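Right after this note come the structures.
Both complexes shown next keep chain A, but they swap its partner, so chain B is in the first and chain C is in the second.
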Partner chain A sequence: MGWSLIRLWTILVYLFMFLPVAVVVLLSFNASQFGSFPMTGLSFRWFIELANNDAILRAFQTSLILGALTAVISTTLGVLASLALVRYTVPGSNLISTCLIAPILVPEVVLAVALLLFLNFLSINKSFFLLLMGHVIFTLPFVILVVQARLVGIRRDMEEAALSLGASPIQTFFQITLPLLAPAVFAGMLFAFTISFDDITGTLFWKPGGVETVPTQIFAMLRNSISPEINALGSVMIALTVGLPLLGAAIARRMAIKRGG
Partner chain B sequence: MSVEAREARQPWILLSPALTAVALLLFVPLLFIVVYSFWLRTATGADQVGFFLDNWREALSDAFYRDILLYTLKIGVITTVVCALMGYPAAYFIARSKGNKAILLLLLMLPFWISYIIRTMSWINILGVSGALNSTLLAIGLIDEPIQMLYNQATVVLGLVHFLLPFMVLNVYVSLEGIDASLEDAACSLGATRWNSFVEVTLPLSLPGLAAGGLLCFVLGCGTYITPLVLGGPTDAMFANLVYEAIITQLDWPLGSALSLMLLAVLGALVLIYNKYLGMAQLMKGLG
Partner chain C sequence: MSAVTLTDIVKRFGSFTALHQTSLEIPEGNFVTLLGPSGCGKTTTLRMIAGLLDPTEGEIKIKGKRMNDVPIHKRNLGLVFQNYALFPHKTVAENIAFGLKYRGVSKADAEEKVKTALDLVQLPHVGDRYPKALSGGQQQRIALARAIVIEPDVLLLDEPLSALDANLREDMRVELKRIQHRIGVTTVFVTHDQSEALALSDHVVVMSNGRVEQIGAPEEVYNTPASEFVASFLGTSNILPAQCLDLDGTEVSLDVPDLGRLSIPKSRAPKLDRKGPVKFVVRAEKVTLSTDGSASQDGITTKGTIEAVDYQGQAARYFVRVGAHQMQVINMIDQHPFAEGDTVSVHLRGRDCTALPGNQE
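After this line comes the complex of A and B, so read on.
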């Protein structure tokens, strides 16, 4: 009796989490003129309008470039730092870990203000560069957490074998360590990309006038009223940010099976 | 250089890019806004360098800021409590379920991948004047014209709960997963009722997870300005909205610095207290 109540409650909680998002996807196929109920039929017209909307295409371009650069930089920094923390006994490693995850312990608004004002003081105005630096610092802790968790599982014997067989440390890194690290690097990049692609809190502070990312574009469009176009844009974003990690997980699993088999 | 010395230097070489980034992009900027908060923005828009207490006097003594700070904390508390009440039973169900745990966990992770702005605006489709709820009520004849359900304090809390609930469920789940389910059975076999064994055994053991989830919900909830802008009315501004106004709209950057630091002090104090008693490890379990 108690258990079925808990089950019912859990179902309701999941419905609460997903129903509104499902409605966004449903309404993006709405044939009607207005972005609302009742639905008059199914159509792809709003996706076609999206594809013809220059502002939205520009926002997509900005978000994709920003996300990709953020992923590369943040993962590079994160993998190096994680290697140091997992592979070596560093004095004060607790303090170092706390420093490295500090960007998510500070409220994002405060981080956004501090970075904006400091770089402005250095005569670096709102720009793509500022946006990129902001996204890097904000995604770095997540990358470090994810990469560290995966690194712990990689054994050192193979590297030691390569070194003892005469490979240089650099050769060892690129030929042994990096391939073993690939899933961790991949996971870190995917995570950084998704967080960057979805971010709005910091982005609204850092973005130069006239430049929009997809989330800030949606935010700007909301100022007028909710249109089927916003729902269609939301659906595309959901497909991207949910589809990519699922695809990534599938690839990672396949890679793991191959290696194991 | 000896092998040991090189070995000892290697981790620092690996760490230096990340530590430099955090120092230059977080710690130095934070110190900078501490200094900046004592400068003055003059009417001409230039900054007057110096040591002025005006911004702090305004931020700390003006009842307007104090009221909104208290209001923000209130919204944070309500959001956290609702998340705990909704999330705990769900986390318990996932932890104790046998067959479909993997799919439940995967679904639980999904909201983290869906953009915050989309999840927030999705409620407009549900509660808006021509949204799902009004359309349904109209169709079944319960109401004659649409009700204005959006843009108030309740919808702000609703949006925040929707945004933060997965953090709560995940953290509680992680701590419940670490508790041996046979402990409850043992309590039952010693004569406790199911409910008693839950209250006496499982609940206390899961408190660290509940605290971690609560901290995340509270800190993230109190730091938001997007939800009130999208789902709130003109009088539902939270403290981060004041920061946004000062920095972006009024361009009073020294005042904005002081307000940011106030928010950081309040929420940071909470994180420090949490860290002192429970440590960061529990929080990292839920995040990583």
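After this line comes the complex of A and C, so read on.
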């Protein structure tokens, strides 16, 4: 009796979480003029319209470039910071660590406004580069957390063994540490990309005029009307943000099997 | 020429001194063991020779060249760790060939050397497997192969057998000795296991609390311990307070309370230089117990009572009450071990005993 109640409750929770997503995906295939029920037929019409919408395509391109750059910069900085914090004794490492993780703890609006005011104070104009830096700031903690956790698990004696065999510290990093760190680096990169790709709060504050990312574009479109195109765009976003990590996990598993897992 | 020379090495971590002033010479081709309990400074010493730690004071020379400021990857050393430290993302052959890459060895030569190394550790067919697919003992052999294939000036082994289970450990011990003999590389071995140290070494360096207690051949440190620590750390010893009555160049006369008077050769007590209080040391297996009270020609015989028996199969360890002392005695078992409460004759010979100056702690 008790268990079946818990089971029912669990199902309800999942429905509450995933039903809206399912509805969006379902409606994106609706042939009707309006982005709502009832369904009048199955159609790819809205996806085709989406592909012909210049504003959305431009936003898509911006988001992809922004996400990719954020991922690369964030991961590079994150790996370097983790190495310094885990492998070396840095004075004030606790404080540095806290500062690097802090952007997760501070509400994004606060961070966004603070950065904006700071730029104002320095009389620096908004630009794509600063938007990118903003994204790096709040994706960095995720990369650092993932990479640090993995780095702690890589025993120092493997690096010492490589050094003793004649590899310089830099060769040791690229031959031993980085390959062993790869799954975490990869995961951190995906994190950074997905977080950047669907961020809206910070982006709204930081984006220079005329630049739209996918989320801000959707937001702008919603202000006018609810077009069925948005359903289609939503479906694409869901496929991307769910699909990428799954793909990443699959690749990581493949790599592990190759190593005699 | 010495392969490794440490001169007045000191290592401090903040206010803690891990290694007090130590000098050590390791002759070419020697197998030297640093033996001691954890925290005695043996691993610190090894890591300084390896270049993983910088000495606070003193000089390290390898093959006559000062090494203090030479980073580890330019020292040409073979290093083997307790946890193997094989690279999990490289095959066994790639692991072994790793050091050859940085020594300008051609691909064909490297392949040949890897094959020879795998033959040497008796694992010729595992080259294209990954380390995970091997057992612990096999992994440690590969780690050894990886360290010796680069023909290091010195082979450094940091408790390489400790992670293996007991039977395997003894097999690997024999194997290690065989390989070291075969290639003749100077080897520094760190362990807390006295049987490994005694079985493998040309010289044993017994360490305690960051100081060298004694350096000598295994027999020497076992038979003639230079300090109470060495006597009690290697094997089981009975250490009793005694009086030195007389001494000359060949003999030392002792009076051991509850046991009696006996003479020991001066060569067994080289540190003794005056009469007075001394520490009398006799190994548990050098004391013989018997039921008949027949006094033998040399040494002393006295009565004792068995208080406890620790049965070990072919031998037994007895705790024997002799006057005010409880002595430990390890004897082979002849038919039946003695039982608790038995009264026995306790016999020991002067030439099996040693004495240390009594004023040391």
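By definition in this document, the second predicted complex is superposed on the first by the 252 of 261 C-alpha atoms of A that agree within 3 Å, B and C clash if a C-alpha of one lies under 4 Å from a C-alpha of the other, contacts with A are read in each partner's own complex, and residues count from 1 in each chain.
As a working rule, a contact is a pair of C-beta atoms (placed from the backbone, for glycine too) under 8 Å apart; a residue touches a chain by one contact, two chains touch by 3 or more.
In this text the structure is predicted, and so the values were computed from the model without any measurement.
Taken together through their common chain A, the two structures put chain B and chain C side by side without a clash.
When chain A is checked against chain B and against chain C, the one touching more of its residues turns out to be B.
After overlaying the two complexes on the shared chain, residue contacts for A:V72 are found with neither chain B nor chain C.
In the superposition on chain A, A:L151 contacts neither chain B nor chain C.
After the chain A superposition, the centres of chain B and chain C are separated by 100° when viewed from the C-alpha centre of chain A, nearest 10. Look at A:I124: by the touch rule set out above, it reaches neither chain B nor chain C. When the two structures are aligned on the shared chain, A:T98 is found in touch with chain B, with no touch to chain C.
In the superposition on chain A, A:L204 makes contact with chain B only, not with chain C.
Contacts of A:Q171 after superposition: chain C is touched, whereas chain B is not reached.
Once you line the two complexes up on chain A, you'll see the smallest CA to CA distance from chain B to chain C is 6 Å.
Only residues 10-12, 14-15, 17-19, 21-22, 25-30, 32-33, 36, 86-87, 89-90, 92-94, 104, 107, 110-111, 113-119, 121-126, 128, 130-132, 135-136, 139, 162, 165-166, 169, 194-195, 219-220, 222-226, 229-230, 240, 243-244, 247-248, 253, 256-257, 260-261, 263-264, 267-268, 271, 280, 284, 287-288 of chain B touch chain A when the two sit together in their complex. Residue ranges on chain C touching chain A, taken from their complex, read 50, 52, 71-79, 81, 83, 85-89, 98-99, 101-103, 129-130, 132-133, 143, 146-147, 150, 156.
On the chain A side of its complex with chain B, the touching residues are 2, 6-7, 9-10, 13-14, 16-21, 23-24, 27, 34-38, 76-78, 80-81, 83-85, 87-88, 90, 96, 98-111, 113-121, 133-134, 136-137, 140, 142, 144-146, 148-149, 194, 197-198, 200-201, 204-205, 214-215, 218-219, 222, 226, 230-231, 234, 237-238, 241-242, 245.
Across the complex, chain A meets chain C through its residues 155, 157-158, 160-169, 171-172, 175-176, 179-180, 259-261.
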